[in-house]
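Structures follow.
One chain, chain A, appears in both complexes that follow, with chain B as partner in the first and chain C in the second.
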Partner chain A sequence: MKETSGGIGTAMLRKEDPKLLTGENKFVDDIHVNGELWMGMVRCTSAHAKIVSIDTSGAEAMPGVHSVYTGKQLADMELWAAPLPCAWPVTEDMLNPPHWPVAVDTARHVGEIVAVVLADSRYQAADAVEHVVVEYDYQKAVASIAAARDSDDKAHLELDTNKAFHWELIPDPDALAAAFENPAHHVIADFTQQRLIPAAMEPRGVLAVPSPMGGEITLYSATQVPHILKVMIAATTGLPEQKLRIIAPSVGGGFGAKLNVNPDEILAVTLANRLGRAVRWTETRTEAAGSTHQGRGQLQHIEIAADENGKIQGVRAHLDADMGAYMMLITPGVPLLGSFLYTGVYDVPAFGFSCDGYFTNLTPTDAYRGAGRPEASYAIERAIDILAGKVGIGPDEIRRRNYINGGELFEDHEAASTLIFDSGHYAPNLDKALEIAKYEELKAEQARRRESGAGKQLGIGMCTYVEICGLAPSRALGGLNYGAGGWEHATVRMLPTGKVEVVSGSTPHGQGHETAWSQIIATKMGVSSDDVTVLHSDTALSPLGLDTYGSRSLAVGGVAISMAAEKVIEKAKLIAAHQFEASPDDLEFVDGSFSVKGTPAKSVHIQELGFAAFTAHDLPDGMEPNLQEQVSFDPPNFAFPFGTHVAVVEIDEVTGGVELIDYIAVDDCGVQVNPMIVEGQLHGGIVQGAAQALWEIAIYDDDGNPTNPSFMDYLVPSAAEVPFMKTDYTVTPSTSNPLGVKGAGEAGTIGSAAAVMNAVVDALSPYGVEDMDMPATPRRVWKAMQGGAS
Partner chain B sequence: MIPAAFDYKVAESAEHAVQLLTEYGDESKLLAGGHSLIPMMKFRLATPTVLIDVGRLSDMRYIRRDGGQISIGAMTRHEQLENSDVLAEACPLLKHVASLVGDPSVRHRGTLGGTMAHADAASDLPAAVLALGGTIVATGPNGTREIAASEFFSGYFESVLAPDEMITEIKVPADTGGWSYQKFNRRAQDWAIVGVAVADGGSGISLVNMGSTPLRASATESALRGGAAAVDAALMAAEGTSPPEDHNADAEYRTHLAQALTARALAEAGAS
Partner chain C sequence: MEVSMTVNGSARSADVEPRTLLVHHLREELELTGTNVGCDTSSCGACTVHIDGRSVKSCTMLAVQAEGAAITTIEGLADTARANGSSTGEMDWHPMQEAFQQCHALQCGYCTPGMVMAATSLLGEKPNPTETEVREGLEGNLCRCTGYHNIVKAVLSTTGGAS
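The block that comes next holds the complex of A and B.
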């Protein structure tokens, strides 16, 4: 019997890392072809302007310049069949004015492309961009959600409103009204979710390569969604879908910013097709900060009605959400993804949610790590702390009093939001986090410091979050008017020599799919994970898939892998039974080997059957050769991971400086395939959420100009700002899939912003501070301590 | 993020660098560690047509003690200051300040001469040299001259260095009294929102990011000389400054920080 290793549950190093760490892997910018032309984007320097004229003659005369195209010229060339797509029209009457890859008459945010230079080198393109002269007729910019809602200025001059849609989810209006009739405690709170710049480690980039005789195009793109991109490029450009091949080579992070269909992708494909030359572009960091979509951008209003003991009777929430200048792929759907989570982990009898989406003259928003769910978690977790204060009990106690099923284990709970939570077991998870945090000791230390005036106030904050993961059931997504399904596809093949090739429809951009999928195969098929290779991220190798976002890879794609492996085992079993001249029903499959029950001495390992299936010399009658099976898995429900995060901050009473000094996270993502990958996901996610609480904000002035579009002023924290995090887990298997997995990609971010801000507000409570906008900058904290406005 | 075209020359000595500066004039820039100049070029805020690389002049990397004075070669990297035994003994302020500049990659490229010439009011080391009462040695076509740090900085990213001069050495006094550097920022790698350097037990106090140049906290210094208590003198730290306003701080907050950090620095330096 062969040894199996590296199965589900093993905290093994990632297979991907040696190639990534040594630079062997290629990213889009590393790939070059002969005769390629570089695009240089001429971008609008105003947030809202009509284009009067564009003089390209100076740029065209520059060395190395091949051509310069304005939006008008491109429109006249009829390079595309449709505007850039929005796949999530959340209401039937949603406004969705056309968004062309290059602005034709009017540009509506700083950074919108108004002309494209094609040149032999990147430097020549950049030089030529400076010589394109654009005359603008400046218009009043709508530079904030409040301005979009309250002023008469219009982000789109041809529309008579900035409100793109109104969406609501109020399952039982009468019950909701009753809950808010004279509640013993009534929390009313408003929070701002500032805009965030995704800032992946690898910038976005594209390279479109036409076939020499024309007709076929290969697009290399730093994308999370090669499969979706293929469909969308075909639909947008009118190019035949079967002539397109999309390859996402090594992709260095995305956090949602790489799940869009971007102007540069459409431009590269259509210009390469038109010119018969390869066309490429890599964004600069300035372009990444101001032109690639941003995250968050919401004004939140939340109310809780509770009885005298703090038991919640109802929750209602309203969002004003910033779409930015245009609807991108899932822009309007992002707030809706959070809508179901405004009740958090609590038993809420009555619930209502509404959202107004507004156009502004700012960079479009779209999915960013957690997409709608961190915002929701923030609102309910901040609000429940406020409720605790009103009731006069601790933040832990208010949570215990309101947990679904009293904090005890439940399965398939129908929430007031109408979703069915797959499983949860909240109280032990909280207990564990508070124990690791030494919560009682922390509270004592906090009291001591408050009394002694030690100079550094201690703040303790907690967040008990729940997340919707495994973005799937296609029907549920259809019910929300989402433009695609949520299934995932997988193929598993046993090669003649017994090695295993897995074809994954979900596409990694740093998550470690190759390792995790190998581990699933190792456990299922009884082979070593070293014997498994995972193919992915190339639509020619992996024609079917719905890619990676929304913490869906494992809970949907990983399950598909597991199911395809089971189908391979079933077929192999028939071959083994045929060889043993036994009935398949009499065979058992243990650690990769088939044997007749009761006679384990005579056995055949599944890897030995690959060759028999390949030669097909002696297969059961009617059986097709080869061992290869595929599955499209569409789960019956989402998965709902949860957890408790505890943040401890120290606030310098003199400077207002906030230091995150401890962080405890006890997460429950169901069954873990690779605990080391889970931990890495959590570390990154926690820091990304803490970054929203303490550092990151995309700032625009009143005219819609970005004022901090560089890493000098947009503060992404480094390891130096983060304490050594203490992570631990509870395991409550999901009922939504046979592996019991839930997903961990966004959990850290969903838990951490609220935990950190609850800690900051807790530290400042002796100063009478009840709330603070994110990020809690030292100046803001200092002013709050002075009793000034934050 | 794509710099404009430029020509690149490697200087073989300080004299050669000066020769090249004379030859190419205003359009040229000296390149030392490059961690300020290159980003400015990438943003096209600086567009020199000739870069004269002096960063390879390794004989200009030294830290020597001559009696009561420490001489530091202009191309000495921050990392060398940070790990210098000479400074540990004779000028721990400079060693400590160097350890707080940027991040490790910046400290392994950046040079003391480069940061002085860049004359950024928000930089750490120029303020430290100013507090120490240091001297800048510059070489030009007519030979070498010495400029007191207090006379060196003339404006926003400006110094009295002539276009054809190059800093060759920085001198600071050895074995001065109690010292402190209080740097307040939001991330370890950032410039100071406000910084305060105290040298020689409080006789030299300088402020980072409180105006267009590194500044001496003159009012505090003279109050201390006049016998004022440190806590009271610290309240005068921002007098005569014109603090900039940015995303991190307005003038009111910077003024508060200057006072508070000066009080902390004086306490740490042993001034009472």
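The block that comes next holds the complex of A and C.
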């Protein structure tokens, strides 16, 4: 049995679990109100089409149908004040054509909404959608990044280019040019980051409930970002922000796909407000391929210049990135989040990065677990394996030769990308991973199989990643032209009965905030974690916050909670000193109790002081009643978790099938609050990254039609495809925050795609295979083994 | 159409549209929202319930096809265990629910009800499965959070086979 209460460092069982294990909790689709209307979305069936006419009469005549609105009608109703927002215009001249909740004249991707049905039931809405007749004038679709870049077709007919922006980061162009002048070894590699469907298990959904007399609207949404959504809905609709309340009830996973401002959210709010009735919608899984943003979608070019020993002299990278049809909330910023990481964990004297963002007639892209960083990690970690081959040394040795500070402990290292890495200690982390993996034994087994022609070849791949998380210092975000700050807000209050209420601005969707925040309070304040309740995910309870993405909850929000707890302790100390008639400087605080130094017998527990602060009968002169403090923490720097992942694959020489047979991950996310939760995050992240390497790809035909939008064809792995993983840790505290914490939510995904593909390529090296596109399907692998193109 | 079934031990009758999926009947008519819907192709298993003791994806059948059946959903699982004396732990739950919490086999919890129902049914068919049998037995239930590591561990732990 595990602990059910505890402080920082305890593998405490989660407080969230009982309601989730019994079906008691409520996801959006579980919540109903009287008189609600169901939205049914009429979605464009072509990737690019002008809307000639829409006949809604058939649908309007159907049973249970309340009304049908076309994009034109909605535009005439002036339901919105601005298009859907992009909060990250990465350059001054970035193209950002308007993205309306419902297409007015032209639809630009399969799944874009062209009309909305409102009906009394889910089934009636679905029926009516089928009876809306839309006449289209089909246009040529731009169905890939290459087409956007190289063809004359335009994703937006009114633009004369598909290129939305060019962004670059070349801190020292002269040094970069010099590094690439006749290098002893020159790696030139191109990789494709295929589009991925995020596929959180809970589909997105909304329920907007109006209060017609008061003018208020409550929006329940399956969102990661209720606070950001509130600001953005106010800005987009023109509704007064103080009249909006956003609630993210239980949210069934997000992985970035639930951090947007979506057409359905705007539609539900504005139609509910207009009609005075509750309006709801839940996407179907197949619909989600067009109604929820996708991830990745990049063509990468990376070069490494190195001396004869493999010591890196310079790295330069260029991306062509697929924005999809429109800029959504942070679409153009995703490549930038990765830009700083193309140097990996290595000491790179000269660095350059550039990115062109292109519009296509495909579902918009945006953040997906890792958001730019898995892509960067993949490019540098694949490329450094290629460098190892050129130098003629092993993948472990090439990494050791290039680690920042020789792999020894460092703090506050300025990288060539201009970022300051908070802390790192890379060599021992690699050592530990190779030891757990029994690397030498694996290599011997591989050699044995290669010699005997065993039928199943072994591949061993590693990835030594670093990532940026703890998003983010507000000034740094401002420097990147991001439209918001990166602070997080927390309130800690001691209730009259000595229980603690924490209000969290970061918003969970599976991460276990209620548990972890209770542990922080337990350690800081010396109370039982059972005595702590965490309020979150409702803008009426938690008015200030910047929510959950970018592995930021603990490193920013958790730190804010810790700091607010310290302020409560400081105030409580003044009350205790007053009661003891002592100077606060003479008091010590141990395990929740204040006592005068040297006389521990006389003490008062902080939970007893809640009542004194509440009655306010005898507080120090001038002190306000109550024990409640709040903090907005703006981190001085990002946090940089790192780790070594080792993947072992077996490749069937007859079928080309790849099996992931072992996976070793030694991660360093700094100080851990709940090791059980950290391990779970890593497991899930690893499988998500491995899925990119081996199974998942959102495929579009040349006309921009999705060919595998459902779970029948989009291969989210099951338990049968993956092995038990071996996880372990090193602990290098962050210097970016007082808890020394980093972040673990995306680390698994950032490390695993590269590790798995390095293993696949390693297994195929006897066949002369040097690279392979993801996913490494049996067909691709088999063809590569026959000497065909990968 | 009138349809009657026993759900979590109670007789429930309702007038439903013939095309109503069982999962929608359970969730919206009977207000048992613990059973979730994660896809529209019967691929993900979030809607798994027990019908006459066997796991069924409740999105693959119509409510009227369950006429006369005995259905157990996640809301009734602990009661089932209590009734047959197999409940465990402080919560007095079904051993599989207990194991899922102890092994941290859930994160967002959306796949969890279906996963738990599928796992208990699997053990009904194979009381002492190997790791491979557990993995293959749960192939019809998708989870995006856990990488399945702790789910498989939880299932094996209930048979004394945990690593």
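In this section, the second predicted complex is superposed on the first by the 783 of 790 C-alpha atoms of A that agree within 3 Å, B and C clash if a C-alpha of one lies under 4 Å from a C-alpha of the other, contacts with A are read in each partner's own complex, and residues count from 1 in each chain.
Going forward, a contact is a pair of C-beta atoms (placed from the backbone, for glycine too) under 8 Å apart; a residue touches a chain by one contact, two chains touch by 3 or more.
Fair warning: this is a prediction, and the values are worked out from it, not measured in the lab.
When both complexes are overlaid on chain A, the residue A:Asp29 reaches chain C alone and has no touch with chain B.
Once the two complexes are overlaid on the shared chain, A:Asp105 sits clear of chain B and of chain C alike. Of the two partner chains, chain B and chain C are each touched by A:Ala720. Between chain B and chain C, the partner in contact with more residues of chain A is C.
After overlaying the two complexes on the shared chain, residue contacts for A:Gln688 are found with chain C alone; chain B is out of touch.
Within the superposed three-chain model, A:Asp190 lies out of touch with both chain B and chain C [touch as defined at top].
Residue contacts after overlaying the shared chain place A:Thr777 against chain B, while chain C stays out of touching range. Of the two partner chains, neither chain B nor chain C is touched by A:Asp701. Contacts of A:Arg285 after superposition: both chain B and chain C are touched. Put simply, chain A uses residues 122-123, 284-286, 710, 712, 718, 720 to touch chain B in one complex and chain C in the other. Of all residues in chain A, those touching chain C in their complex are 1-2, 4, 13-14, 16-18, 20-27, 29-30, 32, 122-123, 199-203, 250-253, 255, 284-286, 509-512, 676-677, 679-681, 683-688, 710-712, 716, 718-720, 722, 724-725, 748.
For chain C in complex with chain A, the residues that touch the partner chain are 17, 19-20, 24, 27-28, 32-41, 43-44, 46, 73-75, 78, 90-91, 93, 97, 100-102, 104, 106-113, 116, 131, 134-136, 138-153, 163. Interface residues of chain B facing chain A in the complex, by the touch rule stated above, are 1-2, 4-5, 39, 43-44, 103, 184, 186-190, 193, 246-250, 253, 256-257, 260-261, 264.
On the chain A side of its complex with chain B, the touching residues are 122-123, 126-127, 130, 284-286, 654-655, 657, 694-695, 699, 707-708, 710, 712-713, 715, 717-718, 720-721, 777-779, 782-783.
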